[in-house]
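First, the structure itself, so that you have it in front of you.
We just call them A, B, C and D in the order they show up, numbering each chain from 1.
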Amino acid sequence: MPMHRFPDHLLKGHANFMAGRYAREKDRIRDLASEGQKPSTMIIACCDSRAAPEMIFDAGPGELFVLRNVANLVPTYQPDAGQHGTSAAIEFAVKALGIANIVVMGHGRCGGIKAALDAKFSPLDEGDFIGKWMSMLGDLPEQLGQNTLLTDGERQRAMERISIRNSIRNLRTFPYVAELEAAGNLQVHGAWFDISTGELWVMDSDSGDFVRPEI
Amino acid sequence: MPMHRFPDHLLKGHANFMAGRYAREKDRIRDLASEGQKPSTMIIACCDSRAAPEMIFDAGPGELFVLRNVANLVPTYQPDAGQHGTSAAIEFAVKALGIANIVVMGHGRCGGIKAALDAKFSPLDEGDFIGKWMSMLGDLPEQLGQNTLLTDGERQRAMERISIRNSIRNLRTFPYVAELEAAGNLQVHGAWFDISTGELWVMDSDSGDFVRPEI
Amino acid sequence: MPMHRFPDHLLKGHANFMAGRYAREKDRIRDLASEGQKPSTMIIACCDSRAAPEMIFDAGPGELFVLRNVANLVPTYQPDAGQHGTSAAIEFAVKALGIANIVVMGHGRCGGIKAALDAKFSPLDEGDFIGKWMSMLGDLPEQLGQNTLLTDGERQRAMERISIRNSIRNLRTFPYVAELEAAGNLQVHGAWFDISTGELWVMDSDSGDFVRPEI
Amino acid sequence: MPMHRFPDHLLKGHANFMAGRYAREKDRIRDLASEGQKPSTMIIACCDSRAAPEMIFDAGPGELFVLRNVANLVPTYQPDAGQHGTSAAIEFAVKALGIANIVVMGHGRCGGIKAALDAKFSPLDEGDFIGKWMSMLGDLPEQLGQNTLLTDGERQRAMERISIRNSIRNLRTFPYVAELEAAGNLQVHGAWFDISTGELWVMDSDSGDFVRPEI
């Protein structure tokens, strides 16, 4: 383990945080620490550096409980011996924190979705973790076909949205999610963020279509 | 699936984003979209609503590739048939994005760590996902003992830091992480964020101790 | 007994004292001599050359009644035939001087605590005084475990704080300490001094945690 | 255990230390922390609030290893099962730190010496710790007699100096002290501080007389 210094750009960024937001919101931040977090909303988002939920929703400390994995996937409920990180976060949010909203948020030009659509996951090896992780989508990528009149961009965006609906479907296989939703105590939402225009598209809970909301 | 509206507080937050950061950084954000992300740093952080990496490091779009799971755990390298979300994100960051730094960042008053230290994961059921997920720590919580003169707060903080070192140890079982680190092309860091004081403590790469850096 | 001169550095230091503080505070110092000491606070501290209570608290003559032994230990109340120096000082402070506060103050990188954590008290012999003195901690060092993911520095700091709480617990076995404290006429405090950063951490009287006070 | 705040006068004193001495000597203090203490001198002094060795010798951090008990007493070498705090400190100073000088420093108007001279240790109870602790002086107080032409002040001062010589005699019963002193590698000194005039009287190593040194 070679010795090294912590990255300077992170130290400088943290100094900015202390001088800026922390200084301005110190009282609220300290209260959140002593009283515990009570976020009303969980966001299931992607690791992509261009799609941070706190940026997109201009959210401050204590507001969003955020799970981020590659391509914002949710597996089905599998209460076996495995160590399921995404399921653990959902369970914690719903059962320990009493979250009122879960938002599955995808975004444009998602590298994980692109990998799922590519025949080969280059530059990643076969039998890799990304390949297995994206296989959670099953044969959905194949179903989209290789229609030559659907552009690559359109296939990508279609898959990004299909994937969100797939995650939401899987989310509802968790018994407590289904029960709380049926009782009106939990809402499940879909959202898609355009990393270029900054637009947020939200999923119509009835039709499953993605639309730009009017405020 | 009951009909419902997308949460208003998220829509308002997004409107703030569009009028604020997006308006100011539009050119850079569009370039990032068209040219692709090239973050130099991956952060492996917790889902906690009080510990968003982008806030702590005052980071903008394109800077941080962020994985967030409960208690910022990293499993050992297990190239089996399982769908390993955390491993997939690490693989994507290292092999597809060519990340130069990986930071495992824990934080104070972590609910996942608290669950690992508690005999029973109340209010979660036995055999739950959180229990299995936190079992990645093995017998480390037991090793800390139940010393009655160690306060609950001290046991918690010690475990938070042990857990970071454990994640870093596991990270190094990924062959490409070990190889790139040995070649000097990748650095692995530990950090711990104090959600009350806002302080960042960074891990000394030699001793493993956490210290407040001087800039 | 060979002849020798009193160390020059001490004589020069004393000359500085006479020309400096004594010259400035002569009246007060003489009054203290003729009227007797009436310190409100007793400090139980370590012999370490880097942790003088008068320096840490910027205290002048007459302010602090100071006991210093290795690792600021307090034994339990043992009214036997033994010559208990620490107990004698506590008794004198409480019963003859009517002290209002007792502070047990530990510090970082304490050599006595290090000896208690080491299997062997090298370079000291077995059966030595340090070994027996530090045995006042009982099996507390063992209880901390030999967790390989707890760094040496962290074990040391944890033990330093455990030891302070142990001393405070023992202090309360003195009947007059317990009685006066219950009546609200005596307060018992814990403190830990960071010999590197200069910070003082004080013990929360409720949780036993050490925190940096806000003034 | 009632809740309470750490004494304000100590917090203010510490803030003064941080803004003053610590700010000025930060580099040296940090070096002392990382490199370890290497004091050349041990002072065995009294707990009296008017006789702090660091004040009297204008000494900074790292200079003096300081043991303070009531009346600066040193017991004889008793390698039994007891927990001897003073002996532990002497052992640590000589064997672990390699101290070059030990100074036994008494002072005027010492409450412990006064207690030893009084028939009854009022306001302390019989069978108390102070009585047993001062009994280390054996029949020395009685030997001084109750000569009516020796004033109380003279008896007190004589006893203070007798006690220093007694402590030095006992110190030499420690085999390593005697050996190192014979080899010229350790010097043992006596000193007496006048808490009213600020004068330091040092013991002539040959005659045992206390004289004011010329610099």
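To be clear about the criterion, a contact is a pair of C-beta atoms (placed from the backbone, for glycine too) under 8 Å apart; a residue touches a chain by one contact, two chains touch by 3 or more.
Values in this document were obtained by computation on a predicted structure and should not be read as measured data.
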Taking contact as defined at the start, I'd like the list of chains shared as neighbours by chain A and chain C. B
Interface sides of chain A and chain B: same vs different residues, half threshold: same
Farthest from chain B in C-alpha centre terms, which chain would that be? D
Mind checking the centre-to-centre distance between chain B and chain C? Centres are C-alpha means, answer in whole Å. 40
Between chain A and chain D, tell me the centre distance in angstrom, where each centre is the average of that chain's C-alpha atoms. 66
Euclidean distance of C-alpha centroids - chain B vs chain D, Å: 53
Note: chain B sits from chain A at a C-alpha centroid distance in Å of 14
Considering chain D alone, which of its residues make contact with at least two other chains? none
Please classify the inter-chain touch graph. Allowed labels: line, ring, star, complete, other. line
Return all touching chain pairs. A-B, B-C, C-D
Which of the residues in chain D come into contact with chain C in the complex? 1-4, 6-7, 9-18, 20-22, 26, 29-30, 32-34, 36-37, 39-42, 47-50, 52, 54-70, 73, 75, 79, 81-93, 95-97, 101, 103, 108-109, 111-112, 115, 123-125, 127-130, 132-136, 172, 181-182, 184, 187-189, 191, 195-196, 198, 200, 202, 205-206, 213, 215
Using the touch rule from the top, collect the residues of chain B that touch chain C in their complex. 140, 143-147, 149-154, 158, 161-162, 165-166, 169, 197, 207-209, 212
